[in-house]
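Listed next: structures, encoded as structure tokens.
Same chain, two partners: chain A is paired with chain B first, then with chain C.
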Partner chain A sequence: MKLILVGFGNVGRGLVRALVQKRNFFLKEHGMSCEIVAVVDGHGAVVDENGLSFRRLLRMVEEGNLIGSERKLGVEIIREVDADVVFELTPTNIKTGEPGLTHIKTAMRTGKSVITSNKGPLVVAFRELEELAKKRGVEFRYSASVGGAVPVIGLAKRILMGNEVLAIRGVLNGTTNYILTRMAQEDAPFDIVLKEAQELGIAEKDPSLDIQGIDTACKITILANSVLGIDAKLGEVKTKGISGVTPEAIRLAREAGFTVKLVGIASKRTLEVGPKLVPIHHPLAVSGTLNAVTFEVDLAREITISGFGAGPRETSSSLLGDLVDVYQAISQRG
Partner chain B sequence: MGAIQVRLEMELEDIPGQLVRALEPISRFGGNIKSVVHRRERKTQLGMVPVTVVLEVGEKERFNRILSELKSMGVRITHVGEREEMKKRVVLISGPLTIEELDEITKRVGELKGTKISDVSLAMESVGGGMAARLTISGRSDRSLDSAFSLIESIAEKKRFLLMKSVEEGG
Partner chain C sequence: MKLILVGFGNVGRGLVRALVQKRNFFLKEHGMSCEIVAVVDGHGAVVDENGLSFRRLLRMVEEGNLIGSERKLGVEIIREVDADVVFELTPTNIKTGEPGLTHIKTAMRTGKSVITSNKGPLVVAFRELEELAKKRGVEFRYSASVGGAVPVIGLAKRILMGNEVLAIRGVLNGTTNYILTRMAQEDAPFDIVLKEAQELGIAEKDPSLDIQGIDTACKITILANSVLGIDAKLGEVKTKGISGVTPEAIRLAREAGFTVKLVGIASKRTLEVGPKLVPIHHPLAVSGTLNAVTFEVDLAREITISGFGAGPRETSSSLLGDLVDVYQAISQRG
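For the complex of A and B:
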């Protein structure tokens, strides 16, 4: 498999590290061998059609930079370089979906399968991208866009295939879950805990997408489209954030056996995000930066999974799962 | 949540094993026996012993099965007293909320058919000068609870309180 990586930030570097480290495992377990033929970031690209050497790749990961890059754009590399799969790992833009949207379309139009962790293009053009992939006969996977390492989409679309999914409820944002957990533990107000989270690097400098619930709403939009088959738009998700949650409210909740979580809900009846009361022993009541998702389905009733929702190594779990999946799909086609 | 409590009065023959035999279908069909009163001293003229059993059962259907099983065993049922438990839901509101507004919410929920606010806990908020309140809504049915919740929701929206309900309801 020849791979192009577009985006060499936290996720891109984590992916390279995991790929290099686990190359023998993939060969032995799945018969899949991979070469990275190009890596692109916002400044340039490194290309070797025979596969970049692992040493060079690891050095670039260490230095956090593309070494010896040429001034080329993602679209040019995607169009010109021969490859099987493009990993689209650039920053999220939920208004335009760019630059990811153009990267993904270009890849599909030039016959390449796409794996992405980027919510932007999915939120802006889910249907269009699914249809384009089908039309061009390429594979399209986006497990890492929801739940980080937690196999939310794979569980719903594959393992639970015999069930109809009726509703999805999820704690899908690690930053806000960390903040709410700390507010509960320390009986501390939102602003102070947010500052702590920023100092620890858990919350971004501009945390507004997380705390306003918009990141969760993006994930709910993606789940509604991919799992429930609803042509949902981000604007249709009734969204409330957590900045109005107070330590006093959390305490009153606790006295009645509840914890407060930012929960996204997708069903045929509602698309919403907001702080909710979660019974303390409910499996969604995960703490810290953990994510958790409960599927309400017709046969199995309720299934909940939880795990790490972010982090470069954790996210590579989903990206590489998608890669093996794409490899198997391509191999079966012959 | 929709459990019902039933008081079952019956008459059993005064021979050993009758009580155990009569209680067996109750647990077999998922009933939860709360109390049993065996009144030997109040034997009927026909020599039967009155027994009162209070049991809790998840849904009406199960209870009907217990009842028909008892009847088919020949147990003489003299009285069935059914009492539907009040359903409860907890909601939390917080923000620029005053005691007067809280009173008004309590009053308006109480005016709805079959619902009331059965418990209120308050806390003054250290930031923002608002108040947090935990309300327990009691109602006869899910429907009446839903309408009480919608009422609170519409008030919260108008007055810009934050309203939180349990993730296990709705959606």
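For the complex of A and C:
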């Protein structure tokens, strides 16, 4: 498999490191060998159609930039370089989906399968991308866009196949879950805990997308489209953040056996994000930066999955799961 | 797909009901149509090579027996009737694996794929059955044998493919988890709570396989073989039950932030079942009859999945997930 990586931030670097470290595992377990033939980001590109050397790749990861890069754009590399799979790992832009959207379309149009962690293109153009992939006969996977390392989409689409999914409830944002957990533990107000989270690097300098619930709403939009088959738009998700949650409200909830979580809900009738009471012993009531999703289904009733929702190494778990899946799909086609 | 069902207890009847109810769903979602061409249990067999009518099947489910059956054995039906898949759903015998073991071998030798919920044959002859399936070019699935509705094996083998599984920790027996949960809630001794569970039908009249940890040890043996690739035997699992757990021990654990669970552990170094302390906020610390499994893996670190570990409708979730999976595998082969 020849791979192009577009985007060389935390996620891209984590992926390169995992791919290099685990190349023998993939060969032995799945019969899959991979070469990275190009890495490109906003600063330039490095290309070797025979596969970049592991030494060079690891040096690039350590130094955090593309050593010896030439001035080329992502779209140019995707168009010009021969490859099986493009990893689209640029930052999320939920307004335009760019530059990810153009990267993905260009890849598909040149016959390349796409694996992405980028919510932007999925929120802006889910149907269009699904259809384009189908039309061009390429694979399209986006497990890492929801839940980080938690295989939410794969579980629904490739494992719970006997079930009809009736509703999805998710704690899908580690930053807000950390803040709510700390507010409960310390009986502390939102502002103080947010500052603490920023100092620890858990919350961003501008945390508005997280705390206003917009990041969760993006993930609910993606789940509604991919798992429930609803043509849902981000603007249709009724969204409320956590800045209005008080220590008093959390205390009252706990006295009644509940905890307050920022929960995203997707069903055929509801698309919603907001603070909700979750029974304290329910598996969805995960602490700290963990993510969790409960599927309400017709046969198994409820299945909950949880794990780490962020982190470069954790995200590479989903990206590489998708890669093996794409490899198997391509191999079966012959 | 032509299906033979061997075993018509709770699980078999639940499967027939789900298959009949959801036939349109399977056709629409997966393009899969199914006919049940034979049902056989210890009392006899009903056969119709064109597919038994839904009316007759549902009447059989309601009355709990095979209406109009002829005196034939499972092996005879499996050998004589043309079918794609055999569901082996007879009761578990962990000593000999029979009659399930012979049913499964006969099915494979006559070119039929096998889906089973029966732990017996898996504990007794895992390697042999995997190899026989491979040799005969048929599919072999056993998701329902571990975790009931919780897709433990599928998650590990078909979703976490980028990861190496380092260890598996599971709360895999609903009866013992119910007893431990009630002991904690009521500060009540083991004997009293066991009696309550028996009155509610949650514990069996002879609950020894559950409370001695043997049922969990069987599941750990299956997970060690299927997920970790270890040629593990049931006798190698160091097994301790819950009858020695006291309310006092549970109280002390809670004061320190822990709960007591019957945990099965499988790793390359450890095969063990016994009462263990689990942090009260860890996703593995599920209550009541729920099952949960935590995979410790190299990239995603920890993934936990939980849900209902028993019940005929819940078990059909796993059986039918396997059926769609087998259908897709057979279709791709052409």
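Here is the rule we go by: the second predicted complex is superposed on the first by the 334 of 334 C-alpha atoms of A that agree within 3 Å, B and C clash if a C-alpha of one lies under 4 Å from a C-alpha of the other, contacts with A are read in each partner's own complex, and residues count from 1 in each chain.
Following the convention adopted for this analysis, contacts are C-beta pairs under 8 Å (C-beta built on N, C-alpha and C of every residue); 3 or more make two chains touch, one makes a residue touch a chain.
Quick caveat, the model's predicted, so the values are computed rather than measured.
**Q** Thinking of the overlay built on chain A, is A:P207 touched by chain B (first), by chain C (second), by both, or by neither?
**A** neither
**Q** Between chain B (first) and chain C (second), which, if any, makes contact with A:G120: first, second, both or neither?
**A** A:G120 contacts neither chain B nor chain C.
**Q** Which of the two partners, first being chain B and second being chain C, lies in contact with A:E302: first, second, both, or neither?
**A** After superposition on chain A, A:E302 lies in contact with chain C alone.
**Q** Quick one: chain B or chain C, who's touching more of chain A?
**A** Tallying touched residues of chain A, the top partner is C.
**Q** On the A-aligned overlay, A:P312 touches which partner chain: chain B = first, chain C = second, or both, or neither?
**A** neither
**Q** On the A-aligned overlay, A:M161 touches which partner chain: chain B = first, chain C = second, or both, or neither?
**A** The answer is second: A:M161 touches chain C but not chain B.
**Q** Would you tell me the residues on chain A in contact with chain B in one complex that are also in contact with chain C in the other?
**A** In the superposed arrangement, which is not itself an observed complex, chain A uses no residue for both chain B and chain C.
**Q** Residues of chain B touching chain A in their complex?
**A** 90-92, 94-95, 121, 123-128, 130, 132-134, 136, 162, 164-168, 170-171
**Q** In their shared complex, at which residues does chain A touch chain B?
**A** Residue list for chain A touching chain B: 167, 169, 189-191, 240, 244-249, 251-253, 255-256, 258, 260-261, 263, 265, 267, 269-270, 272, 274-279, 282, 284.
**Q** Okay, in this complex, where on chain C does chain A touch?
**A** Residue positions touching the partner: 18, 22, 25, 29-30, 149-151, 154-155, 158-164, 281, 283, 286-287, 290, 292, 297-308, 313-314, 316-321, 323-325, 332.
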